[in-house]
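Okay, so subunit A shows up in both of these, paired with subunit B first and subunit C after.
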Partner chain A sequence: MRLNDNRMDALNMPEWLLTDENYSPPNDRDTFVNKSILSFLSILARIKTQDSSETGKYGISAIFKVAFTFMLILLLSLSRSFVFVMIINVYLIVILSLMKAEDIVKILKVSLVMSLFTFILLLPAAFWGNSSSTILITGKVFATITVVNILSRTTKWTSITGALKKFFVPDLFILVLDITIKYIVMLGDFALSMLYALKLRSVGKNKSKYTALSGIGGTLFIKSKEMAEDMYIAMECRGFTGEYHVYNNFKFTIADFGYIMINVGIIVLFVYFGRI
Partner chain B sequence: MHIPDNYLSPQTCAVMGAAMIPVWAVAVKKIKAEVPKEMIPLLGIGAAVSFLLMMFNVPLPGGTTGHAVGGTLLAILLGPWAACISVTVALLIQALMFGDGGILSFGANCFNMAFVLPFVGYYIYKFIKDSVKTDKGEYIGMIAGSYIGINVAAFCAAIEFGIQPLLFKSATGQPLYCPYPLSVTIPAMTIPHLLVAGVVEVLFTVAVFSFVKKVSPGTIYEGAKEKTKAIYGLIIGLICLTPLGLLAAGTAWGEWGTDEIQDVVSGGSALGFVPAGMQNGFSFEALMPDYSVSGLPEAAGYILSAIAGAAILIILFKVIGYLKKDKGESALE
Partner chain C sequence: MIEIKDVSFSYSGVNALNNINLSIEDGEAVALMGANGSGKSTLLKLINGIISPDRGVYKFNNEEITAKELKDPIFAKRLHQKIGFVFQNSDTQLFCADVYDEIAFGPRQMGISESDVEQRVNDCLNLLNIQDFKHRQPYHLSGGEKRKVAIASVLVLNPEVLVLDEPMNGLDPRTQRWLVEFLVKLNQAGKTLIISTHSLELVPELSSRAILFGENHTIAADMPTEKLLDDVDLLKRVNLVDEYYHSHAGKDHKHFHDHSF
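On to the complex of A and B.
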């Protein structure tokens, strides 16, 4: 009998449970959280996709790519010839056309935005009467940004850092670079989860959102210190003595030969147009 | 503040790169001496943090956002030498992998953001913190350090841009690289940094530092034992830079002499007259008029004036410090 009473009570739901709820959280500004999330995501996506970029069996060695990319940037910067800059631009566009559409879009986006920015920046100078240098510098900026992006999109970053060894960069520095790239991903993932948490937990107005951002930055720093200690212990356990050697098994291919020939041609062009 | 390629001449880039080599060498040595064992992971992970700190968007009034460089913050947290290497590696990855900032101008970018910014910021912070030994002093130091640090860095970038048309011209007199003179580049670089980027840097530095201090005070760099001596190094560096003022074509805005005032352009038309009050007014003969001392080359005069100015400022600070201490002691009695 008593049990029945209890059941009846349970069936009589309290009043507040039966009324319709009409809560809509007030809007709050969170552009800075969204923007931070986006910039972290783009960085992480960029690093993760480059890891899968295949150079192919007969690809050009990273050493030559890095060396000639640097050379081309230097020649572009030194050149005063409009024709030379235009030839290089055409050459780079040809290389671009051989790449995947996805990469082409991404590279062009960066180089076009930067060239446009440069052009607008130099436009007042054109009105002062040096329109030629405005166009020349814009062309140079387009070529430089495109060539760096082609390098970074077609080569594994570990190969780029490895190639630096041939240019007398100390092994230690290459190790530091590799660690940095790895930990940008690890700490970036970590920061990203904190940003998501901040966004999810800020329902309606959250007055302490700004202080939370500094918390994320601060936690990131503390976490990095812990990670550095852990990593050092792990390295020591595996017998790390402070010496680090980068090994390179380097094979000369036909592609390398062709690439060198093209670049010799570029140097000849530079000298030829430099005379005029 | 990332200078792309082709804005600076290769010669300027080479000079800036050469200037950074001894800095990097000393930095590695100093870090090795301070933390010999954990150095390698610390440098790599410090660089990763410095890279990621630049990704944070800080809210600004009016609904916009900006991002901080975090150079002073890293210098306070890790020490200036470790910050120098961390920012350098972060800048290298940005230039090489992300195409952000030039390859040739890498040296110049490092000079501005990995050397000038953290060191100016850190030593201003340390100087104020050591002379005002309260919590408030520490925060004032941080605010002043991060604000002045980023602005001095922007000013350096402006000078690097601005000297290009003076030094590198084609046969017909057309500038080959950045075409704008100092009178354009300095306001164009410094005004946005004074108004916006400096504020972002201060907000971010203070907020993150106070969080780390509250949560994990042990992780903060304690600083060298040498006390404030380093501020003198900074001052000497700045003194050496003063002849750069000579490169500016015009007199600084607001520093016209009476002979120049009639040429001052306001609202599109030259003033064309000397304000009467200035013509017959009180003429103040300074100790070293126009920063040039007779019988000395102009550059040397500049340096001499700068040394005098710096010394006077140091004396002023010392006197203020002494008076304050005196007052504190008498209050105790």
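On to the complex of A and C.
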């Protein structure tokens, strides 16, 4: 479109703004922005999905889940029984099979990759005749990573931090954890929007890609500092004096009882296989 | 110019756009209205090629915009030059050391000479009346100044379409008034405008056509702005206004205000 000169003068617009831009973008290697966007999206999606995870899908309290997950990790690391480690692995796979297909794939992906990595690291030991330890340690790694991922996928992080209260973790420490999770999401959303803006305005060959990225980093830092100051002032206004009380309306259910029984069974198995 | 047919989009299974159909002609000014979370911002992201439809067809200048096409950097860059996006939060759009560099960021990549870049930047500084901030850091400007810099940084690319996500948010009445007049001028100069807004009193001045989103993420109405604003029942139905909102269609003016206090 091209307006006549009188019209242009009346609108007080520069000429270049009133003509069609005949522009063909050059090729540029800037996949880094797309990759950064994708990684931010996956982290944010992971946190947001986690936030909607059903804490009480099987009615088990987060307190017991956290306690027995730590216990299981401890027993796995102490055990020298191949049978015990395999039983735990089977138990965890049974739990996995009750979860959503998407979660199963994601958990197994991490567990299998880490187990494979451990196995490769231990291969020299296997060649020197210590194959049983190689399999045992690989099995322990698989079980440990699977159990932590099951906890993370089936329990809201706020419930996990809330459960820490029962283990005498100071309230202020729980507050810091809660705020950290909250601000990862908020600053992540902000960073994602900045990356979108960078992408939309990168219409050609950008000779200073890393300057733009450092600009985003700098703005994020200022933003986080501002948010921290705002929150500090807001908390003071709400009467915060340095004490933070975590309230937990814990109720013992039949599912908790069943879960405790299973874990007592695991302890019995650990002792039994430890003795033979 | 823009054609959207049966488009749906969801974020991780949560519906954001549901069977959207609309077309926007070259040089039109269109206002997108709707309650929070009704899908306006998602539609703007789709128009800008930040996301692509799960279902349906989106065409810009008779070219279909798909996820596959957007993976081609040259295609994506051409689209981004033709459609400029002004974000709701100006802070997210500004990442350069000073206002001049911020505005020059886009044109410097377009292969035009530095003197032409300077010309364009100075023109934009004058148009938006921000010459005095030329060497200031964008982050230390006020909300209204940041919004002007963000608009300048997009306008300098000379896009055919200017998409603005709630541009009046957080601005004082005087800056809002200035921005309305500026956008009207841009539209008169031939730029296509797509504006999402909650400022009911300013919509009739910004555009003659309004698209109203329902809470089910569909288009509840697509009609002349005046007619839409008269249909208070419809506005109530989509939860955009409450029972206290009404208009005085007087001789000289028409506005919406709240009698609940």
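As a convention for this text, the second predicted complex is superposed on the first by the 248 of 276 C-alpha atoms of A that agree within 3 Å, B and C clash if a C-alpha of one lies under 4 Å from a C-alpha of the other, contacts with A are read in each partner's own complex, and residues count from 1 in each chain.
Here, contacts are C-beta pairs under 8 Å (C-beta built on N, C-alpha and C of every residue); 3 or more make two chains touch, one makes a residue touch a chain.
Since the model is a prediction, treat every value here as computed from it, not as a measurement.
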Contacts of A:T241 with subunit B and subunit C, given as first, second, both or neither: neither
Which of subunit B and subunit C A:K48 touches, first, second, both or neither: second
Residue contacts with subunit A in the superposition, subunit B compared against subunit C: B
Partner chain in contact with A:N22 - subunit B first, subunit C second, else both or neither: neither
Touched partner set for A:Y196, first subunit B, second subunit C, both or neither: second
First, second, both or neither for A:G215, with subunit B first and subunit C second: both
First (subunit B), second (subunit C), both or neither touched by A:G204: second
Subunit B versus subunit C as contact partner of A:S97, first or second or both or neither: neither
Common interface residues of subunit A - those touching subunit B in one complex and subunit C in the other: 215-216, 218-219, 222
Complex contacts: residues of subunit A adjacent to subunit C: 1, 3, 8, 11-14, 16-21, 23-28, 30, 45, 48-49, 190, 193-194, 196-207, 212, 215-216, 218-219, 222-223
Complex contacts: residues of subunit B adjacent to subunit A: 4-7, 9-10, 13, 37-38, 40-49, 51-53, 55-59, 63, 65, 67, 77, 85, 89-90, 92-93, 95-99, 102-104, 170, 174-177, 179-180, 204, 207-212, 215-216, 219
Contact footprint of subunit B on subunit A as seen in their complex: 29, 31-32, 35-36, 39-40, 43, 46, 50, 69-70, 73-74, 76-78, 80, 110, 114, 118, 122, 125, 128, 130, 132-134, 137, 140-141, 144-145, 148-149, 152, 157, 160, 172, 175-184, 186-188, 191, 210-211, 213-222, 224-225, 227-229, 231-232, 235-236, 242, 244
Contact set on subunit C toward subunit A in their complex: 12, 26-27, 48, 50, 73-74, 77-78, 80-82, 84-85, 87, 89, 91-97, 105-106, 108-111, 119-120, 123, 127, 139, 153-155, 157-160, 185-186, 188-190
